[in-house]
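When the chains are written out, they are named A, B, C and D in that same order, and each has its own residue count from 1.
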Amino acid sequence: MLYNIFIDPFVQMVQMPDLLVQTLWEGLVSGVLYALIALGFVLIFKASGVFNFAQGIMVVFSALTLVGFYEKFSAAGFSGHAAAFVALILTAGVMFVLAMLVERVVLRPLVNQPDIILFMATFGITYVLIGLGEMVFGGDPKQMITSELFLPSGSVDVEMLGGLVSFQKIDIAAAIIASAMIVGLALFFQKTRIGRALRAVADSHKAALSVGISLNQIWVIVWFAAGLVALVTGIMWGARSDVSFALEIVALKALPVLVLGGLTSVPGAIVGGLIIGIGEKLGEFYWGPLLGGGIESWFAYAIALLFLLYRPQGLFGDKIIERI
Amino acid sequence: MTATSETLLAVDGVSLSFGGVKAITDVSFDIRKGEIRAIIGPNGAGKTSMLNVVNGFYHPQHGRITYKGKTRPRMRPYQAASQGIARTFQNVALFKGMTTLDNIMVGRTLKMHRGLFWQMLRYGPAMREEIEHRRVVEDIIDFLQIESIRKTPVGKLPYGLQKRVELGRALAMEPELLLLDEPMAGMNIEEKEDMCRYILDLNKHFGTTIALIEHDMGVVMDLSDRVVVLEYGHKIADGTPEVVKADPKVIEAYLGVGH
Amino acid sequence: MSLKNWLYALSATAVLTLPAVHDAQAEDSIYVPLFTYRTGPFAGSGTPIANGMHDYLTLLNERDGGIGGVKLIVEECETGYDTKKGLECYESVKPKKPVIVNPWSTGITLPLIPKAAVDKIPVLSMAYGLSASAKGDTFPWIFNPPATYWDGFTQILQYIATQEGGGIEKLKGKKIGYIYLDASFGREPLPLIEQLSKELGFEAKLYPVAAADMQNQSSQWLSVRRDKPDYMILYGWGALNATAVKEAVKTNYPMEKFISIWWPSEDDAKGAGDGAKGFKTLNWHAVGADFPLLADIQKHVVDAGKSQVSGKDKVGQVLYNRGIYNSMLIAEAIRRAQEITGNKVVTGEDVRRGLEGLNIDDARLKEIGLEGFTGAVKLSCTDHNGHFSTFVQSWNGTTYEKVSDYIAPLSDKVGPLLDADAKAYAEKNAPWPARSEACDAS
Amino acid sequence: MFYRETGQFKQSYAADQAVFPILQDRLGLAAILLVAFVVVPLFGNEFLLASVMVPFLILSLGAIGLNILVGYTGLLSLGSAAFMGVGAYAAYKLSTIFPGVNILVWILCSGFFAAGIGVLFGLPSLRIKGFYLAVATLAAQFFLQWCFVRISWLYNDNPSGAIEVPARTLFGLAITGPSATPVTRYLVVLVIVVVMTLLASNIVHGRIGRTWMAVRDMDIAAQLMGIRLLPAKLLAFAVSSFYCGVSGALMVFLWLGAAEPSAFDIKLSFLLLFMVIIGGLGSMIGSFFGAALIHILPIVIRGLPEALGLPIAAATVEHLTYLIVGALIIFFLIVEPHGLARLWQIAKQKLRVWPFPY
């Protein structure tokens, strides 16, 4: 038993290094995608203190909107790359409208309410989006328009370490786009005026207000940014399986990522995503069989829980200093 | 009751730091049974930290604290409470969702013993216990003249009243040592006078030993038997109000002479 | 005060509407509720099934004026594939005296199994639900034709054996991977696998996928790469199927060796692109709209705007036809009940007898307009399943084509398990009522 | 005018310490109980009893359990469905191992198992707070659910993988299984829920409840009052899980009749949390309001088109239900963030001064 836990997995890793590389790669890819969802959470939490439960459904909703627009165009005889990109832009527009609505209808009337109330309100948003999404797009799963968006398919198979490691091109693209997105957001928040304002808001709402920053504007921007992140996540994850409401469940995986990284930290979301992604793949692949497999559903949470016991504020979270 | 010479609590060479920041450096003083002891000093002098050390919320890196003749290694706040140390806070730390009555009843927690079973039934022993403690609490409510806000959630009360409820909650613990952190901050003259009277009454009639932090020098000089002065975490003076008032280091600290 | 008024209004509506569950069933009609799920994470599979079921029964109403001259009242109740909502549906239709219910979820079927006998409503759980309910002696009110998940598993095994060029003895020494939804549905074959792998000498590799990780299967498929099973068997549902096919393609698993139970749809294979060609599933009915009955549906229902299908191409898809098959069983059971009792307006009790006496032979299929659509269906008092043969169909990039003959299940292997389970169920649920319903001579 | 405590003087602290010190409240409660115990069973149809009232009461009990944790002690938990599952599986195991003992005994005992597991998963609460704790409780949710699927001993190796409820009786009357009538099931659930609500109300109004609320409102100050955080939080986890456990056992035995592990999935945890927040954190009656809004309102909305004769497809109704419930959640939060219970208080306050506005 002990051998199976402590020695055998490592023996396997050494004996089949190609599979280890493949596992790490798969972990990395799902980690990047978890990180993307977590990033959406972090942006909103930082700027408005809202733990946005609707991020998961926003992923589904944006992906459905994108595919829905495209289907409308192709039904009208326009298809191909141009139509896909028009659909992409229109979807971004929808996400912007959504951000405006959320700010106007939900956040503004609920300003200064306790966290848990705002958290609850995002459940309301989730319900509305589920109802609306299913009513408009129907419940049947749709195919993500990957090739129309110039996303590659197929794989790059590299012979190494005595085996074949295959890298899916779509996964490589996902990793690149996600990284670009993260870098872009980081630059946006570091270098631009709005970014500075956002960081000010994240530090203190009142102080930011007192120097003339418009909270409402900031909120629209972060919800829009989170919506864009959701759209990218939806495209990537939709390409891996299909676009349906089942995707919402995947978004729950972002929660352990989030607490691992710290609710307020962008680098935390990324590092946390990678740790959870790689950790759960390694756990499932090498240790899962000991428990009959399928431990991935809770393994990520267990990692997060153990880590939290050691560091309650997460990897990069603000240290909690208790004072009276 | 006036101060005796018996030492209730002795702080001996205590140093406390957070990371690299030194909050308290090698401070020693004592509190005698029955006295009113004031701790004063400019902002950031480490006064509140000192109180936090005394009731076990912070653990000093160096130094010893002897309470009732016993030196304790590392004490938890609830242990301090069970040994008779109660306190109020600089920024009112009431239980905002609860009524005045319930807040003060929380102070009786340590004195109530009926377990879950009787609590569940709310009958027999549990009810008797509840009523018995309600009487004590009503006495405190009478004493502090807050009868009319008995059933008001404290979050809705004005600041002055909140401070009074907080004092009541501390009193409900029937403390031997009561630590008051700026009990009169933000109060108007009348409220201050009321609060002074309560403090003096407490000390005189119930013999409660009191350590208080206060910025209002007039109040401090009138109330306290002895004063300890902190500056940047160091003790710079200790003695009766008259002595301290005349100490050049204290004057310098407060007026900034020579800087 | 406006708020309070609002609340009053709300509570008033609540009081008024709740008892309004009417029992207004006309005397000259037969009430057939359809439990469907066009919403929720499984809507992708639920919608075509719902459309198929609904359209067939609507056709009977539109074209024939019902069954035997009695109009059918067809009503959908949305379950969202959720057990609690399903039970709510059951309670809401019960006062309207339904002659049959189709829970379309194993989770909803299980609580209904004991209730059916008490409420006198037969339950038709077509190829899902509790396998042991095939035993009519123990479960007189439950019907699960045409095959159980165990039957299906042995059918897949036999197909594999024929691919290896022989009988089931050819499985010896093979490595067979089983990827499944880690819930009761996917776990059901596990005891059978354990038994058969010993008896037939193949090695079984298990790859459970938790419901929450349906769309996140890369670890399972990494394990597949490591273990290199000779064949893969899939028991999935909803997004699990689509993701599994995509991952299999990614892993370069040979698709012709990847065989699923009967639930994947066209959409599940389509998403994986050309790589999915050769992906196989079991089925027991034809795919496509090339049948007189389906043409009638097209004419009387779809073109008349009485269907909810989103496009004409949806008619004839795998799961749509699954719904057609389900409704055919319902309609034929009602017809048979009319024959047996001589009554035109039948009750749940009558339809139970109709199901037991169900005998759809090829001639009858031709009459219905479904010649060659499926094999003959004949149930009996003791056998509520039939354990009929199924065939293997293969994905060619646009549709599924039949690639094997009908394969009978290994009844000698499955039979004893089924008996044992039915017995165990009755014992565990003691006091389980003994069958009191008489058998009709057929 | 009619709802006024003027003139009701308390002669003793005992009378003043009562949970309902005001006469009208006591009368109102009596009226509600009368309706619940007499009117509903007499006049309610089967659908009302079996699909509306029984689930409503069982969910209310679960919501009370969660409210003890979230509302009274301030510990956010998303694992309550798993604790309900522990109760259900414990009751199932106990009732099959000892079939001779009355099922109600085992349903109540199942709470202790849930409490034990709850305490175990409550341990991290000393160090982890807020949303971080919520995610930690998700570990309980997913791990326990995995156990329900994987440990076949828990469901007696049933090939269906589900727990099936055998028929059991009380005083010769079937209370579980298919022949238990909705009225019997309703009355059994009602008695259990009323008694347990009363006990919970007693707990939260006494020393232990004050301890929890103190921990919720300001844990540091609570410590300085002599409250030990870990025991206080663990007790809250225990009592909360006990209630959830009993509610879970009731759910399987008196409502569903058989349950797969997915009956205790994360969705149920979220639903309970909705009920608690919408109903009112830290309010017993709020738990009932919340359960009513979240469980009964969708049923009403689903029933409306049919009752009004509108030809709307079942699926569309479901979409609309989601939309409306979501919108109502937001609406109620905006109108009164402190939940329906606070609205109730405001209504009472208005009644008190009626017909004059002040």
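Quick note on the criterion: a residue touches a chain if its C-beta (ideal position, glycine included) is under 8 Å from a C-beta of that chain, and two chains touch if they have at least 3 such contacts.
Just so we're on the same page, UniProt names per chain: A, D = ABC transporter permease; B = ABC transporter; C = Branched-chain amino acid transport system substrate-binding protein.
Just so it is clear, the model here is predicted, and its values are computed rather than measured.
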Give me the ID of the chain with the smallest distance between its Cα centroid and the all-protein Cα centroid.
D
Chain whose Cα centroid lies at the greatest distance from that of subunit C
B
Separation of mean Cα positions, subunit B and subunit A [Å, integer]
49
Taking each chain's centre as the mean of its CA atoms, how far is subunit A from subunit D in angstrom?
33
Between subunit C and subunit A, distance of the C-alpha-averaged centres to the nearest whole Å:
36
For subunit B, give me the residues that contact two or more of the other chains.
57, 89, 93
For subunit C, what residues touch not just one other chain but two or more?
38-39, 182, 210-212
Contacts with two or more other chains, residues of subunit D listed in rising order
142, 146, 150, 220-221, 266, 315, 318-319, 322
Residue set of subunit C touching subunit A in the complex reads 38-44, 46-48, 182, 206-216, 218-220, 222-223, 225-226, 238-239, 242-243, 246, 250-252, 267, 270-271, 273, 310
Residue ranges of subunit B touching subunit D (in the complex, touch as defined):
55, 57, 76-78, 80-82, 86-87, 89, 93-98, 102, 105-110, 112, 114, 116, 119-122, 126-127, 129-131, 134-135, 138, 169, 173
Could you list, by residue number, the parts of subunit D that touch subunit A in their complex?
70, 76, 124, 127-132, 135-136, 138-139, 142-143, 145-146, 150, 220-221, 266, 270, 273-274, 277-278, 281, 315-316, 318-330, 333-334, 337
Subunit C residues touching subunit D in their complex are 1, 3-4, 7, 13-14, 16-21, 36, 38-39, 75-78, 80, 83-84, 87-88, 91-92, 94-95, 106-107, 110-111, 113-119, 130-132, 182-184, 187-188, 191, 210-212, 308, 421, 424-425, 428-431
Can you name the residues of subunit D that touch subunit C in the complex?
44-48, 50-52, 55, 96, 99, 142, 146, 149-150, 156, 158-162, 164-167, 177-179, 255-263, 265-266, 296-297, 299-300, 302-304, 306-307, 313-315, 317-319, 322, 335, 343, 347, 350
